[in-house]
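Two complexes come next, and they have one chain in common, chain A, joined by chain B in the first and chain C in the second.
So, the complex of A and B:
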């Protein structure tokens, strides 16, 4: 067992146990529990966000958005808006003649032909129809309120069931149905196994959610001297630049994307939204800097949603509860589908990771991404895994109950033996070295203890039931982008430059979005360069300075940034040694690097500092060894090994560089008179391989678990039958606060990933994957006397009370 | 989320306020703590062309005992009432209800009168006023009048107030030999209630027999709802566990068609209301020292 920590919850300050910072690690900075370099400016209010960017002469944009869910737009009248004092422009799609539509990247998806402003059809409430620019946002909104839009309304589809009906109206006239992505599966072997065994069936549903980061989206654009600068709150600055170049007809060299501090992304800022294109276009056209900052209402209505998915699961099991075959039909409600990067890949992950590390010999998984008249869905932390894990873990509970066996035994029997690093999932995931059963056993042990405490605390209260749910899962990390985009793969890049003063500048293609990548990259670079960590600067989010990279998503940063930094540092150190050898008149092979000094092996040997090397490299270049070029830097990319681009003959492919694993245990209290579910305890045993900084890993897990709890119990994007959003503010979209989040116990097991740099695996999304499954199982456990089957999230007081009463219980 | 254009007035006296309202009629809107009105304006759900800020009007402030009633000025901040020994000593139901309003930040701006006039069906203070049969003091250019709280609330966000009138204060009767409790269920602490109960019970002096009760549900209908059957079930009874349970069960009959929305179904509200009434009465019994 590695380190463990107790993370403070809302009312348990007496139980907080934060280990003291470990500053004594003689081996270097990796593995040290160190404070984050990002935090000081954030905590002092000095961090700059996109809303703080204000070029001289800046004007503001706002958007006129569809008020109906599905209609032909027959007329947009802008004259009244244009007449408002202070208005500089009011434009529709017709004005964007020189703008190309979003590219169609993925051949296995139908073509959506999305355009930044509605051309003649709107397919969700909030879809942008026109943009208005004025001296300030107030005037812009006053003018936008005067824009008249005539709609010829069309039938509205809000559910996958309605959209998949044979006679359903179609969202896209040139499609044969409403399936944006359709991957049916049929396997006669599965049919044979189903004929041999008992079969359990259930339909599971997860609800639509909004990422709702603390900082909403935003974009500021300025076009000067033939060069476009775009400041954005984005997770993938280079891909934004590529998209802008494609759509605006500019060269990438003529665009600079700058991402200041980002107040959370969680996936929603991976996408390139209409505003990201229209605002820069307006800046070019007006010759004025233009700003648009998304307000919270816009965020809830139009930033991508996620997770709304139906999963029909059937399991063939024997008398021990062991599952011999699993069939699953997944239908994801992807909203209108008009989003770039496309929002279909979460469904692939749901299906591909459905059985986690369980040995299920046969699976048949059908996937469909179904378009409806809701906001497009896309990436959200967890990316399909919370959905699939919820369905799988509920099905195991059902199977165990029907077989009359302990679900914990069922899980243990299907998890790989300790030390088994050969496990391959049904979809081809090569899990490599992990700790599936150890993590599960430890979480179960801690969960049992917490449950006993909870039982004792609530014994004798006839209205309270307590329960425990323990679930194992895997997290695909450092994944390929290919399945999402049919482009790129999993690589990222780093620039490592020794500055003339001997300090290091590290530029990375991964984007800092609050996850601590600057701190972890600095630790990795400092160790690799033999520098003090304070002499390493890390920069992300500037396409002029940082090498091309894919950004922050997919729990990839620790893997790909470390890999690229290590490769670049190796080149730089090798050259530094050669220069040092020249200065010291020694053999480069004998030079070692240690905290800013390079010296000849052996005690009392002469040494030079990295500053001396840098001076030689940049200024006193005559002192360089013959044939050595001035300068001391390297820019390299790193593409992690082991990722498949093409499926094998059984349709299997490994899509992640490394697979983390974890087990979560939730202890809940259910009030059977009000249906209220409260979390008493939450336990995480996580294995993300080598831990670069335990503090950062625990921060990632804590935040992720909080978001998972939000999905399990609180958050729900709700539409009415006309496609009107009903959860349009934080009054109705109920994000939990610190008062709803319980204390957490987090333990680490470190099973290094053999082929990964430093042995790291990703961890960014892990926390969100377990909670829905663990909490649903805990609620089911608490209510076992009522034989309640939790089949949907969020688990609300209404749903709990309905389930209890449906069971015929007299409470 | 920017408000439509409006004029902002900041009168220094009640007289100036009433003159402004008389001049601008329903184009004008008085601004108290702004915890509901300002968000509504930012969403452009409310677009008053004149905002009349009551901040500087001394006549609308202050709390005092007035002939057996607690008089609370309309512009008294909720947080000030919450911390007031006078409120604690004379109106325990109000004291019990105040911490349920939003978060501390809301209560540090929000006012007693603002909450009453906003008339959110899920808000605490209208329910407290109805439970205690409080008087609502109203002033306008045409004179002053007093309304019973039960007559004040017309429907969701709708009151008997005319556009040129404002509430100047509330008078909560001081009920001797009573105990009170306010409870609610909400998705998160600080949210508007999905179901709430404001209840007080007046006991026979020196005894635990119920003389009278005021029990009001909020969050379940267009206005606060007096739970007449539940109240009737208590009169003359000893407030035992069984009686509390029976009153809870009776409350289900008091609300014919409970509100249904994205947070809870009507059935849920009816069931949870019965439980909340029971809990409120349990709490009242223990505060009264009923064994």
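So, the complex of A and C:
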């Protein structure tokens, strides 16, 4: 079983890229600033995305979608479409009799009874009504244009205010109101504190946004030999498989979900959309592979939206600006609510994380998810935290202004003392070890320097004002899925297999979506197995190969994947040591592993390679110690510790494995004649515990900040009063370019999470949380002389001018 | 090859001949077929990506006769007689170009979906026309990236073009 001759053209560098020698950490790969193994095929244009999957005989689907926001569908005429040459099928919900509706998982939500194609009612523009399959997409779209739909239109609700009105029409006839989720709160202790102190009140709003990864959604399905293969651009392949099995009535084992490269997810691809169900159903029904690739207009109209939320906040404060009690009523505009997995949990996070690491002794937070005739909302990076942080940080500014104190002092006074790892949030979050005040002070220091530079640069320009906003926040990482789904909690899984050649294959349940999880997992596994990182292959996104996992979301990958890999590696290494001890005639306790070699403790001791061990485990099994079974692999799950399964008697529970913290500082200039806001500097001081690969962590932060800036200043999903979307192209939904996003400064503080594997905390969503709050505060600071209050995003030139004019100033 | 062939009556398909990545291709294509679909589905050159289908995001950027073009808003018949280069031909023998190596070093790609468009745009650019970081940001502003926040892409370009990254103060974003 020696090394064979090398095939010409074989180049393992296609799969792995070794870090440059000067960045190699002698202690291991964790902590090394290393280029990613994912990069090479992507750079060469050779990486496969779902739109590149083309099984032989493939045909293409397109969807007929509702053109009105709220109506009964009285007739769908398919005959003209079916008559178009090249058309194989045109179907409606009536044809999907053998498909079950989306399951109702969450008992504290009302039942939506969503179905992949509209049965008799449409509740948002873009809701799929029919699917058409043809030889190619051109023919399919020709035919889809001939489908006639008759509507009996119903009153349209676009705002939470309209939907909550006493006489509001109802989206769901069997509900008493339009509240998909309703969690009112009342606390007499809060009332007492409010009676004692000054009270500030404000209503804050964040606008509807779209995740808009550069790759839209897409599904390709093929049914052969009784097995269904589904290629999808998805963040949770196993949960997609489970959903498909439930809805199509297939055995889970008869479905294989394969996720090729994913061109970004940012939350919107955790959901199981109508097309994810209908396209596989069509493939089974037609006996042909079927492809559907979402176009951008479809993405902006029908992939979940997020963040549209009204927050009515009241704060009881003393003369120092310290807040003694906070009351908040959150009403999230969740659109029609017809989405699976449900889109309500962002509201729970907004409320649960509202006060961050601030010591606010009493809070009373009421939550409502309100249905309207807009696209369903759901998961988007930040997941409720940007909204809550924006409201909280604006309220602190307001309180400080009213109390006549420096808002920075108010924040510092309410943040935990350095070294305090006992802080518990009002909703029960146990933050553990962090660096809240240190990160805040450092961000403020860097912000002050940047502000001074900006002041000097713009001094003397009568139109320009500059300002600084500094905000601290926390990010719940490795969270439980229970609040979202009433299932699954927080675990994930890993397979670690030493291959017959002594290299390792690691299969993970967390999905690679561009976040570099293959590179970080390889580093963790290589250290744990004592292997060269180039001898570790990492696979995600194949339900036949990878153990059941919950996918990529919630800044969980580094925690749960590392946890599972370390646990599996421990089992594998233990067995490898036992085999080595047999081969070396030594005690297993005395065997140590070091970069592919196992030797007896001490210098000059005899050693064997991992390849020798693998040869014994798979081929020369007669050499195995007595009682040792052949093979060398382990599949384990890892459930992070510290997550509460039940709320305590006050309704509090810790829902995240770890809590990272950060502070952001934004420096802006505002042109008071045009209202234009430009970002001059953006500073991040981040603490996500142990950093596995600084290059990747910084990329997560800069990308997250860019999306946060986009929400603060540019992006807005707009509907008219009839529920017609007005922002269904990139001409209208304005994703910022390299000209809008400023250079960023990033510093790390590493406070390891005591109970987490390697001390890591997640970082994937952190960057998006701070920008709306930091930029709004910076604009408020710049316009201090006008006493304006920024209460809504996006902060546009129009909204800034209106705020200045409302202040009565004459500019 | 003539620039345009006289067509008397409306037709559904036309014969086109063009050079793609150094090879002459002759095909009959529906006149309404988009260049990007022709490249991806007919020639199986799937490195060119479709991000918006309305010419904004730049993921589908290919080089047409030396200039960047959006293959999602160009018809295949418009490429008749042209010379096209796609991401697959920027490097030869699997050897990364200096720009591709810089993208790797600086972590200028995450999901990598937009990356071919950026690389083709850069391939067609003359560095002398984009002398500083501000200009580089201007050059890149026709390609959208949702993952990186652009910082690492800008750094990669400056590095590949042999320039030290500019100081933030000289590169304020334009609102």
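As a convention for this text, the second predicted complex is superposed on the first by the 788 of 811 C-alpha atoms of A that agree within 3 Å, B and C clash if a C-alpha of one lies under 4 Å from a C-alpha of the other, contacts with A are read in each partner's own complex, and residues count from 1 in each chain.
Rule of thumb we're sticking to: contacts are C-beta pairs under 8 Å (C-beta built on N, C-alpha and C of every residue); 3 or more make two chains touch, one makes a residue touch a chain.
This is a predicted model, so every value here is computed, not measured.
Look at A:142: by the touch rule set out above, it reaches chain B but stays clear of chain C.
In the superposition on chain A, A:35 makes contact with chain C only, not with chain B. Once the two structures are overlaid, the count of chain A residues touched is higher for C than for its counterpart among chain B and chain C. Contact with both chain B and chain C is seen for A:676 once the two complexes are overlaid on the shared chain. After overlaying the two complexes on the shared chain, residue contacts for A:97 are found with neither chain B nor chain C. Of the two partner chains placed around the shared chain by superposition, chain B is the only one that A:801 touches, whereas chain C remains out of contact. When both complexes are overlaid on chain A, the residue A:739 reaches chain B and chain C alike.
Contact with chain C, but none with chain B, is seen for A:702 once the two complexes are overlaid on the shared chain.
Using the contact criterion defined above for the overlaid structures, shared-chain residue A:731 touches chain B and also reaches chain C.
Once both structures are placed on chain A, chain A residues 138, 295-297, 676, 729, 731, 737, 739-740 are touched by chain B and, in the other complex, by chain C. Across the complex, chain A is touched by residues 30, 32-33, 40-41, 44-54, 56-57, 59, 86-88, 90-91, 94, 96, 100, 103-105, 107, 109-116, 119, 136-138, 140-154, 168-169, 171-175 of chain C.
The touching residues of chain A, counted against chain B in their complex, run 137-138, 141-142, 145, 295-297, 673-676, 714, 716, 718, 726-727, 729, 731-732, 734, 736-737, 739-740, 796-798, 801-802, 805. Residues of chain B that touch chain A in their complex: 1-5, 39, 43-44, 185, 187-192, 194, 262-265, 267-268, 271-272, 275-276.
Residue ranges of chain A in contact with chain C, taken from their complex: 11, 14, 17, 20, 35-36, 38-40, 42-49, 51-52, 54, 136, 138, 212-216, 261-264, 266, 293, 295-297, 453, 457, 513-516, 669, 676-681, 695-696, 698-699, 702-707, 713, 729-731, 735, 737-745, 767.
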